[in-house]
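Structure first, then comments.
As written, the chains take the letters A, B, C, D, E and F, and residue 1 is the first residue of each chain.
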Amino acid sequence: MKLVLAIYPGSFDPVTNGHLDLIERGAKLFDRLVVAVLQNLEKDPLFTVPERVEMLREVTRPWANVEVDVFGGLLVEYARHRNAQVLLRGIRAISDYEYELQMALMNRKMEPRIETVFMMPSETYSYLSSRLVREIARLGGPLHGLVPQIVEERIRAKVT
Amino acid sequence: MKLVLAIYPGSFDPVTNGHLDLIERGAKLFDRLVVAVLQNLEKDPLFTVPERVEMLREVTRPWANVEVDVFGGLLVEYARHRNAQVLLRGIRAISDYEYELQMALMNRKMEPRIETVFMMPSETYSYLSSRLVREIARLGGPLHGLVPQIVEERIRAKVT
Amino acid sequence: MKLVLAIYPGSFDPVTNGHLDLIERGAKLFDRLVVAVLQNLEKDPLFTVPERVEMLREVTRPWANVEVDVFGGLLVEYARHRNAQVLLRGIRAISDYEYELQMALMNRKMEPRIETVFMMPSETYSYLSSRLVREIARLGGPLHGLVPQIVEERIRAKVT
Amino acid sequence: MKLVLAIYPGSFDPVTNGHLDLIERGAKLFDRLVVAVLQNLEKDPLFTVPERVEMLREVTRPWANVEVDVFGGLLVEYARHRNAQVLLRGIRAISDYEYELQMALMNRKMEPRIETVFMMPSETYSYLSSRLVREIARLGGPLHGLVPQIVEERIRAKVT
Amino acid sequence: MKLVLAIYPGSFDPVTNGHLDLIERGAKLFDRLVVAVLQNLEKDPLFTVPERVEMLREVTRPWANVEVDVFGGLLVEYARHRNAQVLLRGIRAISDYEYELQMALMNRKMEPRIETVFMMPSETYSYLSSRLVREIARLGGPLHGLVPQIVEERIRAKVT
Amino acid sequence: MKLVLAIYPGSFDPVTNGHLDLIERGAKLFDRLVVAVLQNLEKDPLFTVPERVEMLREVTRPWANVEVDVFGGLLVEYARHRNAQVLLRGIRAISDYEYELQMALMNRKMEPRIETVFMMPSETYSYLSSRLVREIARLGGPLHGLVPQIVEERIRAKVT
């Protein structure tokens, strides 16, 4: 029997219902799933990294084998350090598909023992991205159905 | 008989011959076509929003059912406010096709009563975008055939 | 005020819920919508052309401005003969997008006065095509939610 | 701890080095991997289904948790019957990517409990497909490096 | 100084104005350009291979360094036999781009000394293909501007 | 016999093994190949333009017909000034393919006598770009196999 640890990396600024859909699918498939927030220096974030981690912990509480963590530097080094075998990425018809493959090939070049595995979120979320959510939030548009309830409330508190 | 009001949104910095080709097609199909300039805060615009509006009014004068307007905030809220049934977008083989579909699905999610409709500009303009025009303008390259005569003159006046 | 007649051409072997979704959107936008079944000689059809027409008439009965017709030969000649201004085509992220644009440009070359207009079906139907329905039907798989009720019954009667 | 059974379906006419690369990756990740040969009625096969199965058994012998099987009818019914949780598919930059997503969404619609998971073969095999191998075989071209040694010998025996 | 021989392979059933546009560009760039008609067994050709060759010879007469030839079997073997350094292929935004790259990589795998070089026909011909021309010809549609004059006459003579 | 001068333009910040692969292919095909470094004002370059030129000169020393140069302003004006007939661009399955075609069509519009010619680097480098190299360099990741030896040393000296 194999014990597979998978890492689901991203900015999660903020976590969307599309991310959550993928987390649920990954949690069913892998023994342990680490949602890993990239500590990068974005120009104009909506939430700080600690805020994102807190919201992710809140919304992933239903899955006992899901953990939230933060990483900086190279993803493959973090994955090696965690003894992960898998990098999990979402893939959609409407998406930066080619960029995903490019990153996956580069990561394999740097660490051939770690595999990138792609899963599809529900087609209901094919239009959804954190960037779009941030845009709509800033313009005061409706976020219902796009992000978890708790994120919606935080955004409203922040923007108002 | 239906009275259809369509909105053709964009930055139009500046309006190109490709935009004009699409405006002509839209003006034939819809009862009223509103060319709506997005009042965003781009980093490095070539023309101010009032200048863009003025040039658009000049070049769309031949079509009696075309109107030029400015909007800020969410596009679907502006469309609702104008009682529009249609968002018109150009679609090209060489284009950010997937981004267009993503925006259209998101707009439908926020306002299901408004439809995004795609039309093709002439293939003569398949290479043309405002961004390319700005780049060529800044490098002093030839703009003949890419933008209307009046825009060409304005750019020459501005850049020199 | 403009009176716009649009043609929605296809094989419709059989009509799917994705087609129906697009017909509903087109019926709202255009004054008259003709669903035009192509009388081609496919190798291995599931339904005859008269059967397809009958089912289409049944499922489009709710829309008073929708008509079902049959055509052979060149689409643009049929459109000219019907005095149509618009060819309506569905467009999806998962689709033969480039083929659609190629056909639209060719049709414009042959008849510049007729415009091809693209609309999106609901993302719920992004995976759906008549070809997939025929395949599943032949393998005895479940068709619920993919085609209208009446088509489901006809297929069951036919395949059993 | 989870016991994950994955199915890798295909025609495998013949198995290529690209397939083998993916089988190796899948065998590392999943507890059990079933290579499932589709029993369809192709017009002009190079090998019979029993011949394909025999070659697959030969080349997958190194992996103890890989099994070769044959299936007919709907893939999701076969997967359900085998109690599989995963359908494994290869994904490449040069590939029928959109078709893959379409099939995956349709399979999910028919059986939501089974996930399609995509993995990348080595970029060395990005140009490789069974169809190309059959074409080259029929024209007497060189197959070295494209298929396993044993397949190369069988093709030579067959074509000569 | 280099003497470069390039091969432009295809079915040319029939030669279109898009092919001719590319031949003109290739003839300017390479010392010698061989237009090579593939002798395959298509199911339902419009013209026989000798007819295609004859028409190609007629329409390429203006270029002294262009030659028309026929080949069977593997393209790279023919190229090797002709001592060609280059395979010339047209590339368009609306085209089977990925298939082109797949063939080019496979050809390089079989013969690394021969390079595939891609050039763009005029965007005027972005919608044009031999298959579309055959379809329109069979339906009696207008071919003016799609194929050279002499091909148009031959098709009219053949179809009537 | 033709004397063909080709220009291979880019930022080359820094030159990668993928660039070098393409330079080798171009040097074989064309009489003279000019690697032309664009003197733009990037926000956050890794190397200055003179440093890039120096490294390019070092790594292209093996090819006698390759020259390194710098240009500003419009590429087609530089090409005209150099009496070049060809612009050489790399093309990959994983790449900004559509942007490449758009630029090529625009360049043709401005200067129809200069052709853009596309060649494929080895599929080994399909994941490689200067941007990715800069990212990995900044995170201290391994660059072996991605860039020439001399570039690797310079980066190490710079970053440490």
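By our rule, a residue touches a chain if its C-beta (ideal position, glycine included) is under 8 Å from a C-beta of that chain, and two chains touch if they have at least 3 such contacts.
For clarity, every value in this text was computed on a predicted model and none was experimentally measured.
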What is the minimum number of touch steps required to go from subunit D to subunit E? 1
Spell out the chains that contact subunit C while also contacting subunit F. A, B, D, E
Considering only mean CA positions as chain centres, point out the chain farthest from subunit E. A
Could you work out how far the Cα centre of subunit E sits from that of subunit F, in whole Å? 30
Subunit D to subunit F, mean C-alpha position gap in Å, rounds to 38
Dist(centroid_CA(subunit B), centroid_CA(subunit F)) in Å evaluates to 34
Multi-partner residues of subunit B (each touching 2 or more other chains): 92-94, 98, 101, 105, 123, 126-127
Interchain pairs in contact, sorted by label: A-B, A-C, A-D, A-F, B-C, B-E, B-F, C-D, C-E, D-E, D-F, E-F
Applying the document's contact rule, which stretches of subunit E touch subunit F when the two form their complex? 1-4, 25, 28-31, 85-86, 91-93, 97-98, 101, 104-105, 108, 115-120, 123
Quick one: which bits of subunit E touch subunit B in the complex? Just the residue numbers, please. 92-94, 123-124, 126-127
Tell me, which parts of subunit F touch subunit A in their complex? 93-95, 126-129, 132, 136, 139-142, 145-146
Under the definition above, what is the set of subunit C residues touching subunit E in their complex? 73-74, 76-77, 98, 101-103, 105-106, 109-110
